[in-house]
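Below is one structure. I have some questions about it.
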């Protein structure tokens, strides 16, 4: 079991190192296969751990420490992996979906100059993500947390000749660094109080902390989670991150990394439970994000950006779920979301690949007729996303809405937001679907550049994921059948308040499905059949197209002042004062020297005069002092 | 040869090598080869010493003691503590890499050059092992002598001004230290660092600290830094920032904190503020620096601030983190500056406006620069992260705001370092980047890859340093007892 | 029958050896044919100074307890002997340097030069042992007059005569002051012997006596003049620049040694009751020298002038050791003198080489590339400059440490601060020299014609010796301090 | 017993000589006159020595004075030699003109 | 007594006047001659102070030998007229007077304050005080070394004079 976990963790790292080290001695294609293999080995390891854990029957999982990673005084942190239900679930998702996406990349990246680098990065990412989920203590979790950010940076900026890609990569990293920093601060508090970052010790400590302190800790963790999961206000990097290759978007910015925030909340829920306020803030944040992202998604014309906003929105659901206490619900949605969102991205990738990189949905009209498989796959994903039964999204999303509804007035607000989100989801998803795959004139631009359906390496993973997107939700149909919840209960027991009665479940499901369908219908009317004119609200539209001016606001609030401050410091402090003060003093000394030098007239009488004066003064002083 | 003489060997071997190079009329190639050999042997000696080091035992090891000036109680007293062992290791490894770099690029006037490099090695090792104040001071100053010539002769166009600034600034500090150490030594009747008692004098503390804050440097004593780092040959800049600056922070720990506990306590907030200022200010300026070395230079200043933050937080985590960070940052900045050198050799410039797009077709350069840059911004999981984490966790225990400032600096570090990476490697090809500019050659790889390798190894096991810097579990106690 | 006093010939053997070889050299000026004259005189002078070293070492060994000899007018003790060793060593080095670098014209007056050199050295070796005001004054004039002539001996060089005349007149003024001061002290105490003066002051309660302190002021001024301490220093740059460089090398090292060593003896032996006056006065003079010497040196371009100002600032440093009036100060002074004189001599010797090679004054400009052309001399200059600056490349480092320690021990922390600040300022111009010899390409330099090819063998020996002493004194601090301690032990503290 | 004016009067003269000699050195430019002024200063010292010798009734002062005479003669000898050399080199007999070395 | 006083006043007057004359004549020739007068008047003082031998030496060595040397040189280089006070900055002339005046006043003040004290009563001296024989004895006993080195000083000066004064063929060009 433990060996499986280590295997799972190390295989992708070994893959990354092997590809890097081999350099040009390995062919591009083989690099791709090597990477794929390493991730599937990891999946094998994950399965091994899963089976082992099942038979082992351990309640809280097993920690295996390789060696002490960091130690100072009483504080010490091992390089250890944790195998427990939560981590195994994540391992399975990460390595499984990851393996499929890496496989898909072989086709997608075929022909790129730097395929090797790509696959090395991909393996590195999978390793980092596994470290994040397997890390046996908070510090290793943070290490994985940072490393996924790094891999994300590397992969977003993969096409580094594009300034926009580089800028997006930097933005993603910096935003994530903010999250890392707040998490680190939260850890400092824990260390100060318990000298430990072990999960159990820390959670136990949290119980003894004052409410302010524990709220601060939770807030720090939430900062990290929000940054990683692109929740408002730290969300602006995610749409830009679509500059990366599409499989990257599928893997990192849809299936795995961005959902790490949910994992973090689930993992550290004992702390959040001590800090209910913060937990509710998280839920509210999720609600806000899911609405805002849904709205923005309505007007985007870049296929990947639409899906990206949809991702933000769906993660908003997960946060909502975790925030109200149904950690398992959040995790369940995380899993199904991984399936269908990866699917959507990969289907979109097929289209983009077929169109040689074109991402503007207005130029894709009619592609569906040329790519039927892709179209079906996309449709499966879209339906899962909207959450219509029996597609996977239905089961997971409705559980969250139901849980939210259960809470008092705040819960109602959250549930209303979530239901609004369901409507929006239907609308923007099918707007996308109808524009891209709807019936219509195949645009001229497509004809010339179209490559047809992609290669098998791409279609097979898409197919598998399409199936998973359909059936993935069936493993849990709360409240009647809930293996996921039970599986996770030892580590992420759902809060009592989040245990919704059956009536609520039904109510939530009905409402959500109805609203989702309404959205789909509206989209059909607007875009599928063009029966209705898209309402003209230029102000709103412009605001949404500018993503509600978040970027502009951050630019004006943070970047510009900081840059200006740096400029001012440099121009008005560093150069004139710090750098010049030394030379100025030196100038002063030199001037004094020139003064002394002028005394040295070369005239004998001056010299004698000074000698005589010196004598006289010395004598006077001596006489006076004696 | 007894075990104790290892330390002396570490000092004298490079000095003897320098002498041999100056005296023997060797060819250009043979000179470089001899120098490299000597520095590699030096590394070997250090490894042997590290292997024999007893990390469980407190107190000085490999110590040697000879009377030097009897009537003032000055002695030749050298020896190593665990943390000095690491700093010595940093020195010898960094120097070997830099000597190798000089060999690789074929510096003009090789005999003078390599002699000076070896001399510098000996002097720097001396700083870290000296256990007598005057001896420490002598080595502290002796480092400047070769530096002055190395920068002044082999440096860039503005080298003359830069050298003068470097020397005057650092000497301004260290001469006041001389005054302070005279007063201390005569007052307590010995210059021995081990035997000497603590002193409550605030003036003396400030005298010592001034030298260290200039050398490190902390804000606002860094007036010498930008010019020196820009004008020096890259390998010398690497030493300056990777090793020499650490002498400043080492001095803070070994002398300022250990010998002046009461003043250190009294001025703690002031110094923490300076350190934090260095951290933030350096980061901000690094973000605006227009060239490769400018960024790394200011980031070094920021890192010195961070280390000082750890040391003066006065906590166990802070001390351990500071030592770890000294070593990690030392290796990082050596690698970065050597990389800056390789970039400059290919493009003749370090100006970002003229660079860009170097990653295309140069995978080795790109990979190494990226790796080092990422390590430098302390990505979680790296050795530098471990150091930074410990330092900030330690300073949090002093007061929460230091950790918050440090956290801000984490973000700033990401900003400037990514800016550097993309300005050099990414986006459109710069006007000075030609297709003929090759990827890193074998020689260069042989220098930088081991450094990065050590860093990665440390990232995998930072505990190698963090738990082996102070005997026992509580560095605070060890420092309070003055490492006895 | 007059009972002439017992003459302890051994006590003055060094002086006699030097004087004797001076005489032989002088005879050589007349008797030896011109082509051989230089070699002959230099050899005689070299042997003479070597002999002087031997006898003074012997004297050191054999004079564990100090005493006064020949009617109490000369000290036979280790203080004298140690200074004599230093002086003779400087003389020997000067002979080695001068063999090739003095008086180019037809070897005219070469033998006389060596004779004068030795005579002047003899005067100094006497001066350091003088035991009363009269022998002090006479031996001062003895070596001064020889120096006046040596400064002007190469009167074809521009400025040589000017230097000689300036030195003579200012020197005359200074000696007149010293004389009048001696007269006043004599008048106040009726004594001229140092010991007797102190005794008289103690017996008759003369401390603070008007004539005594007035005399002390004038004596102090006269001696400070010889040390070229500010504000009595103004002749120094001009004379050092104008004099033939070997003479400058000799003056800058030997004269300072003699003046400082003797001043300490006079002040400690004859005026211990007035210590409250002269310690402060010397401290102020030291500070003035440090300030003025260093500041003026900052703006010099002529290397000899620069070194001259540097010697003023070093006089300031050594005066710190003198001014504290303690045994530690005395040790510091003696110790400091050893590396200082080696470095001062060595640096001027190197200037002499460059001067000869260029046929013109050496400036920072035309030093360009020197370090690469003449690696050994370049390295030596490098060592000297850094050593002067107090960096640990030579005994100057320990010397500064020592005098500052002495100042602190005396309770003068402020003087320590002044000392380190002065060192800081000095760094700028010392580094300037290193910069000139190494960091400017020699292509910037248009070599003046008219220089003669350098003859380096002997110079290298002399510079090498100076280098060895200056570096060696860093390593062998212990033994040197022991010497200094024994030497200082003969003075009353 | 000293006849005539007391020792102090002699010393006053000596002081005056010393001062006037110093003044001469300070205000005259002809090196010859400067040398003469130096002689006056030395003579002032000599007078003081002899006066004190008489006052104390001990011989050291007189011996000292005699030695000073010799020294003065020596200085003059060298000084005049320099003046002659200056003359030969066709240099101006003016110490203010001798300011080649300065700064 | 009176006679002594008269002699003293005359000599004093001559001494002061000639000293002033030395520094004020513009012709060095006259200055030199004035110095002879000065030296002569000093010789008178020496006699009054029972320093017979010194007085004699003063006249012979100084006024005789040294001054003759001076006059020769002045004749050789030609008397060059020069006004006192001229040349150089004004502050220097003022400063010169101040410095010289200060030295003078200091000594006078010191003497004046002491005049009533110990300086008032001079010792009785033996008749031989200051005689050549007495001086000679001192030279050979108490001050043997001073005597010897005086001769060396003279020798050195002589050699120096020869070197500086000797006239050899100059290098052409």
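For clarity, chains are labelled A, B, C, D and E in written order, and residue numbers in each chain start from 1.
The rule is short, and it goes like this: contacts are C-beta pairs under 8 Å (C-beta built on N, C-alpha and C of every residue); 3 or more make two chains touch, one makes a residue touch a chain.
This one's a predicted model, so the numbers in the text were calculated from it and none came from an experiment.
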State the remaining connectivity among chains, in groups separated by ' | ', when chain A is set aside. one piece
Common contacts of chain C and chain E, by label, are A, D
Given the touch definition stated above, what is the smallest step count connecting chain B to chain D? 2
Among the chains, which is located farthest from chain C on the basis of C-alpha centroids? A
Would you mind checking which chain's C-alpha centre is most distant from the centre of chain E? A
Mean of the CA atoms for each chain, then the mean for all of them together: which chain is nearest? B
Distance between the CA centroids of chain C and chain D (whole Å) is 26
Centroid spacing, where centroids are CA-atom means, of chain A and chain E in whole angstrom: 102
When the centre of a chain is set as the mean of its C-alpha atoms, what distance in Å lies between chain B and chain C? 43
Between chain A and chain D, centroid-to-centroid distance (C-alpha), Å: 97
Where in chain B do residues touch at least two different other chains? 164, 168
By the touch rule stated above, which residues of chain E touch at least two different other chains? 88, 92, 95-96, 99-100, 103, 106-107, 109-111, 114, 119, 142-143, 146, 150, 153, 156-157, 160, 162-164
Chain C, residues touching no fewer than two other chains: 134, 138, 141, 145, 148-149, 152, 155, 164-166, 169, 173, 184, 187, 210, 214, 237-238, 300, 428
Name the touching chain pairs, would you? A-B, A-C, A-D, A-E, B-C, C-D, C-E, D-E
Can you name the residues of chain E that touch chain D in the complex? 1, 4-5, 7-8, 12, 15-16, 19-20, 22-23, 25, 28, 31-32, 35, 38-39, 42, 45-46, 48-51, 53-54, 57-58, 61-62, 65-66, 69-70, 73-74, 76-77, 80, 82, 84-88, 92-93, 95-97, 99-101, 103-104, 107-108, 111-112, 114-115, 119-120, 122-125, 129-130, 134-135, 138-139, 142-143, 146-147, 150-151, 153-154, 156-158, 160-165, 167
Residues of chain C that touch chain E when the two form their complex: 2-5, 7, 19, 26, 70-71, 73-74, 105-106, 108-109, 112, 115-116, 119-120, 122-123, 126, 134-135, 138-139, 141-142, 145-146, 148-149, 152-153, 155-156, 164, 184, 187, 209-211, 214
Contacts from chain C onto chain A in the complex sit at residues 165-166, 169-170, 173-174, 177, 208, 210, 213-214, 216-218, 220-221, 224-225, 231-232, 234-235, 237-238, 276-277, 281, 292, 295-300, 425, 428
How about chain B: which of its residues touch chain A in the complex? 161, 164-165, 168-169, 220, 222-224, 226-227, 281, 284-285, 287-288, 316-317, 319-321, 357, 359-360, 363-364, 367, 370, 374, 379-381, 385-386, 389-390, 392-394, 396-397, 400, 403-404, 407-408, 410-411, 413-415, 418-419, 422, 425-428, 460-463, 466-467, 473-476
Interface with chain B, chain C side, in the complex: residues 328, 331, 372, 375, 379, 382, 386, 390-393, 397-398, 400-402, 404-405, 408-409, 413, 416-417, 419-421, 423-424, 427-428, 431, 434-435, 438-439, 477-478, 481-482, 485
